[in-house]
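Each of the next two complexes has chain A plus one other chain: chain B in the first, chain C in the second.
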Partner chain A sequence: MNITINPFQQLYFSDDTQSENNYVELFSSEVLQTAIHPIFQGGNVVLSGTQGCGKTMILSLLRPETRIAYWKIGKDFPVNKQMRNFVSAGVNLTRSRIADIVQVTLHRGDEIDERELPFYFADFFNYLVVDDLIKSVETIGKHPEIFDSTVVLSNIDNFVATVARQDCWFGYLDEISTLEDLRRRISQRIDFYRRWVNGNLIDPEPPEEIRSTKTNIGEPIARTADCLREAGIISDLVPVLIRVDQIEELHRAFTDRQRKLLLLFRKMLNRAFASRDARVHYRAGTRRYGWTNPDYLGVWGSEARLENRRDYHLIDMDEELFARGETRNSIFERFSIDAFQKRVEYYFKSEAGVLKPHLAKSIFGKHPNAVDRIVQLQESKDNAQIDRALGVDSAADGGSWSEDWRNFLRNLYKQGHEGMLDAVLAAAWGRQTGGARSKRQHREDAPPIEAPWKERKWWRKERLDLAVLQLVTRCQQRFMWWGYDDIRSLSGGNITVFLHICHRIWDGFLKNESSLPEQRRTNLLNGGAIDRNIQAAGILFASNEWFNKLPEEPGGNARKNFVERLGVRLNEDMIKDIRMAYPGGNGISLAQTEFNSEVEEVLDLRVFLREAVGYGVLFESEHSSKVKSSGRRLKYYLNPILCPRFQIPEARTKEPYYWRLDELFDLIRKAQITISKLKKPMVRSNSSLPLFPDLDD
Partner chain B sequence: MTLEQLRAKVREWDRQHTGDPIASAHYEQLLNQLQYHAEREWRVYLPAEHPDFNPNYMERLARWIGNLSDESDQKLLLEYALYISFFSHDDFAAMYRTAFDREIMPWVARKIGADLSLGAKQFHERVTYQIHKKTWFCPITDSMDINEFYKVNHLQGVGHRPHFSTLQYLAESAGNKNPGIAENISYYMANPRAESPPPPSLDLIVLLEDIVGSGSQSIDAVRWAAETLGKPVLFIPLIICPRGVEALRAEEVRLGGRLTLRPVIELRRGDLLGPERKGAEGWGIAAELECLANCCSTDVKFNYNPFGYRDTGSSLVTYSNTPDNTLPIVHDVGRFNNWSPLFPRVYRDS
Partner chain C sequence: MKFRPWGALEWTLSLSPKKNWFFLGALGTEQRSIASWKLLRECGVISAELFAEIYDVFSDKYYHRNAAALKERKDEFAKLGGNYSSIFNFDLMSELFQINGIANKALQSKSVVLDITSFPKRFFFPILRALAKSPTISNLLITYTSPAAYAEDAPLYEDIESWKTLPGFGGGDSKADFWVVSVGFLVESLRRYVGDNPQDKMKLLIPFPAPLAALRRTWQSVADLEQGHEDDRFDKYRVDTLDISAAFDRITSIAGMPERALAFAPFGPKPTSAAMCLYAMQRDSSVHYSQPTVYHPDYSKGIKNNSLESAVSAYWIKHDGEFLYAI
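Let's look at the complex of A and B:
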């Protein structure tokens, strides 16, 4: 097996526009569930999900180039035959650099910029999309063998004449008569914008020709679609789908001016959605934080906000497809196994032959049980060491142990690794009282003859991970993860996280292999598996990398500090919970009544946490309180991929810790995070404040 | 220790709970960084091309760490590996360019009284003429690759570029003093080539050396050049240690303008280990490393002091060799050949 290739080296193929072939080989159709079908049908659709969940890969299916690539390779296009009849065009807000308009100014003050730059944004958007629409139509029309008669180019001159006559251009396309002229004229417009944002114009203000012909958002696109139908180039039954990918790019602001302007651009874009124009249908791809904040849903020129189900249909990939809150999920499991298989097949096609199915499961092996996780611990016969491992003299232990109990636990501990685990659970059981009303701990009686910590299956199951964590920590070892199920669970329903973990594990495997003589190497393509220690190291490495990536997004430093504090706190609380009263203590729960307060500080906290959820740092879900009268609560967990770094088991077995808001504020203060945003306008004062007021006295 | 064993060890170290609740995969990250550099900048280390050693840095690293049996010492060596400064061939080319642009050009301009009031074109022409026709660039010792220096900077031809340490030695120290050597050099500078018409004379001297530790090797050569040849001398050590700076600055003062010192890279005391650090704030692991260096020297019997020649305490390596100013745990095999060095050194004198 070639030990220089890591099939997971390149995580993002959706960004690789040079190679649709890669896309075809690697795209997994497992993700094309019923929930996704609206993408290929009528109406506006917003595809939302955290970074790397696969949105852009799905939207790429709308591109004619992708369909052509499938045909060339001889693979069936994965979209249902009934849903293939569409024309699509679009713009990626990152790649097109359209948001760079925020860098320019009209040199007549901020107010004028805020009033007029959104119109230039709209105009730039319109021309980009129309350009791509015409290109797509041409591409489709030239390949009737692939697209049947979705597009018929025979009447193209008629189309050009009609579109040029439309008043939405305000005369910009007057005297255009051929397709070539039309495309050139549109390119000139786009070229102007590119030169403007790059500061390449001598005159900083746009010329009169541009100023006086700015178009209304969406209207030229809709008219172009109409003209295509009128000229018979597409039939009335063919939907025109307009992709707008990476909308969250409009919220990557680093200054107040940028923030304001980008928000206005966003409102302008929302206006296209709000028009609910039947002539075209929009497909937005956005990360969650680009769509969950209500402030981002305002519509230019009105007080209205975009509404789900009225203006668009929202598909939240994380929730609907991959059910992020749950650790087992059949769609994601199939998706991840398929994505893994395709990658290995693609990169090793010359030597692989026929690979066995479900390679991910055989290469990574089985999920470790609790005993597997402690097998690296040395079995001890020394009583002092055993007592330390069981925490019997821990400062957190409010009670005391009789000699009977100590000997009982020690004897249990000495019975191999199963015994060690039983001893930890027995000690926790001993510290419990058996019920909320009882104050008498089990250890105040003699050790039981039966083993309730074994017989009470659910009690035991809920506490196994916590027992392992406490035991390994007290034995000065780390909680480690390996096996396909662990990797899938840590991925948190995100395919990019899954592939990233695979990348790191495979990298560790290759490095290890390169130091071995050939006869001792492992062939993963032929039944081999990756050693659990290499997997564990790779997972830990990936977890730390993911943590260190947090500052890459706006506001990421604050989130990183918050996660660091919260992660350490949760780990500490779990270690100290020697009674194992909170086996679900790898998360926190907040009362909704408190959380929904209109107090400004709480408002800021809400925004901060929701952004953290939107950026995929935290997972959030509602739940009912264990106290019936208390109402609904919100629970928050760290993204599972962060759990190895903070030594927190990622499985959610029971209720998380119930926190009050002031505990959360306390944590935020200790992390030295400022969560309030500067929403209020700057008050301009004529008198400047002294730099060192104390010294000036 | 083999590389396979080292990898297993690193994984085991990261599995250990050190008291910090955060599992940062610290040692795996260190090893990854080292591997990254090993595959790129550190790929070529000339002395390791010899059959007695392994040209693969990672294999040498494993053996080096395996010199020690105590795990905390092994961890410390692994951390230290990332502090060792390796200057690759490309780094040297960059230093040659820096020496030329940042130090030589301004010095030459000052010496010939050229300034920009003449106009940029004329200034450039004068300085360029002086540099290419009337300035002599020579090394102190043969560890300075003067030929490469000429090529990188497109310097034009002065046919002879002797090592000044050799000249000084022959003139002053090798048995009988020989003033004729200085006379011959002066004659050569006045008549660099026998041509008609005769080429211009060389009236500025630039001496270069790759690494200067205490300055003991260079100081006699630059002093001899400045005192006996009657021409201004610019001395450029590419890398210099604090003790060398002190010694040469004192010489600069003593020679009253005949010598100018302009290093490219000047180490701080905090970059050193051992007595030469003189308590300056160094790396976080400096104190532990110093203790380890002393212990190793006691056990292993290196050919040098625990902190290198004259206890300089540097942690430098170049692609062509490791200077003896660097800690012997990095480069020495020990008197009884009982130490696997990370960057084995080729000795200059037996």
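Let's look at the complex of A and C:
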């Protein structure tokens, strides 16, 4: 087996034209059918999810270049045959720099900018999409061997004449007679916007030709689609699907002006969705925070907001498709196994031969049980050492234990690794009272003849991870993760995290292999497995690396500081919880009544936490309070990939810690985290520079 | 290769008859932010001045330290005879039209000094372009002050924005043949870009010679960037930290003949970034950067050798109407 190849080296594949071959080889088409299907049907669809969950890969299926790539290597396009006849065009809000319209002004004050710049945004959007639509139609039309008769280019002049006549252009396309003219005219318009946002206009305002021909959002796109049908270039049955990717880009604002304008641009874009125009269907890709905030769903020129099911169909890839954070998750399991298999097949090609199915499971092996996780601990006969391991020495809660209990626990501990685990659980049970009203701890009585910590199935199951954590920590060891199920669980339903862990484990494997003589090396392609210590080290490395990568995302330092504080705090609290009263203490829960307050500080906190969830740093879910009539609460957990770094078991069992908002604010203050980016408390002793001061002088 | 004079400020000024200069600079927390102005003032050649006081995005962590450092700098400015009315406020994330307003203020002058020392790149790129392209400005001098040291106790900046083009430097439609990347102390977002775009070839401009401490951090950045990628993706070129002219020549030689399209990522020293700007503005190249939103209050400490004369470098960009960096 080639020990220089790591098939997980490259985590992301962008949607540019150079990556199409990789795409075809690596895309897990079968598994993602649940998300793929609605994309090719009628109506507007919004794909939401954290970075790396696969949104862009799914939207890329709409690009004709992707289908051509499938054809070139003789692979079947992974879309149902009845749904393949479509035409698509799109805009990536980051790459197109359309949001840079916020960088310009009309030089007549903020009010005029707020009133008029959204129309220029709409116009820029329309021309970008129409330009791409025409390019897509031409690409499809030139490849009938791939696209059959989806597009017939024979009547193109008729199309050009019809489209130029449309009143939606307000005369801008008058005089156009050929496709070449049409392309050039549209390109001139786009070029104007590029020059404007680059600050290259000599005049302070756009020229009259642009000012008087601003188009309404979506209308030229729909008319172009109509004209394509009217000219017979596409049939009435061919849907026109418009991609709008990276919508969250419209919500990175640092000044009040930017915030207001970008929100207005967003409302303008929403208007295209709200029109529910049967001529075209929109396909949006966004991170969660770009869609979940109700403020972002307003519609330009109306009091209405976009509504799921009425205006669009939302597919939350994290929650619906991959059931992020759930223990059992069949789609993600199949997805991860398939992605693993495809990577190995692709990078090892002929060497791979016929690979065993479910290679990930055979290479990473079985999921460890609690006893497996502590086998690295040395068995001990020394009572002082045992007391320390059980937390019953004088440094812990010593003195409260009768000699009977101490001997009982020590004897348990001496019965191998299973006994060690039992002893930790028995000590915790001894500290409990057995009921909320009772004040008498079990250890005040003699040790029981039965073993309730063993026989009460759920009590034990819920505390196993915590018992392992406390035991290994007191023995100066680390909680370790390995095996396919652990890796899947730490991936938190995100394929990029899964591949990242695989990358680091494979790296560790290759390093180890290169130090071995050839005859002692393992062939992973032929039934070999990776040693669990290598896996555990790779997982810890991947966790630390993921943590250190947090600042690579906007606002990432603040989230990194927050995670650091929260992670350390949760670990400390879990270690200190010697009664094991909160086995679910790897997260926190906040009352919604407090969390939904309109107090400014709480509003800022909400935005901060929502963004943290949107960036995949935290996981959030609703739950009922354990106290009756206390209303709904929100639970927050660290992304599981961060758990190895902070030594927190990732499984969600029982209730998390109940926190008041004060406790959260206290943690934030101690970490010196700024949760609002719009505060400007610095005293500004100087004036702002007037625009064009030389003209004013 | 064209001779483009640069060196110690007084020597550089002495190459041309005495002029009255309009001074544009940024007054910041760093001691070096007003060093060039101070030296020019001692030479008695400043006729008017404008300082931008640029506020980072609010940060609980650095608010008090920033406020104290700014007050100290402004007190020093006033003590040296500076006038508060020449200082104007800007948000770090100001829009392009506001940034261009700074350049507009100088467009009526014949001779302009642009001190890039404390200007963030998103400011000095559009300003330098506007000044260099202005037909009214015949003489344009860039100044840059080297510090004694950079902060070692914490990252130089935090909370970076996503990978975007600098305001006004979005470039054209075509994809670049090569990336020209100047390497600095921190490369997080660049590393991400490199990882996500495995086909792109990178030409790394590495500051050398450079102070030993800076050298160590820069090479660490190069190692971080290259880790896990094939060697043939990166070509390394050493460029003098302070030499705008040599950096510009290196860039034109990378573009080659026939000229290839370049895209830039200025993560390194400011003089190298200025060279990138002077090239990009003539070829409509895109310039990509991940803008930090919070800078360390002690981003740099002191001035090099504790001597204005050796710390401040000056570069002729336009002289008597001749643009010295024309491609």
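Here, the second predicted complex is superposed on the first by the 596 of 697 C-alpha atoms of A that agree within 3 Å, B and C clash if a C-alpha of one lies under 4 Å from a C-alpha of the other, contacts with A are read in each partner's own complex, and residues count from 1 in each chain.
To be clear about the criterion, contacts are C-beta pairs under 8 Å (C-beta built on N, C-alpha and C of every residue); 3 or more make two chains touch, one makes a residue touch a chain.
If you're wondering where the values come from, they're calculated on a predicted model, not measured in any experiment.
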item	value
Contacts of A:Arg478 with chain B and chain C, given as first, second, both or neither	first
Chain B or chain C, by number of chain A residues touched	C
Contacts of A:Asn369 with chain B and chain C, given as first, second, both or neither	neither
First, second, both or neither for A:Pro644, with chain B first and chain C second	first
Touching partner for A:Glu572 - first (chain B), second (chain C), both, neither	first
Which of chain B and chain C A:Glu553 touches, first, second, both or neither	second
First, second, both or neither for A:Ser302, with chain B first and chain C second	neither
Of chain C, residues touching chain A in the complex	50, 52-53, 55, 57-61, 63, 66-67, 70, 74, 84-85, 87-98, 100-102, 104-105, 107-108, 126, 130, 155, 158-162, 164-165, 167-170, 172-173, 188-189, 191-192, 195-199, 228, 293-294
Complex interface listing, chain B residues touching chain A	2-4, 7-8, 10-12, 14-18, 21-25, 28-29, 32, 35, 58-59
Residue numbers on chain A that touch chain B, as the complex places them	376, 472-473, 475-478, 480, 508, 511-512, 515-516, 533-534, 536-537, 540-541, 543-544, 564, 567-568, 571-572, 575, 644-647
Chain A residues touching chain C - in the complex, by the definition given at the top	9-12, 14, 16, 18-19, 94, 97, 100, 102-105, 107, 194, 197-200, 252, 254-255, 257-258, 549, 551-558, 669, 672-674, 676-694
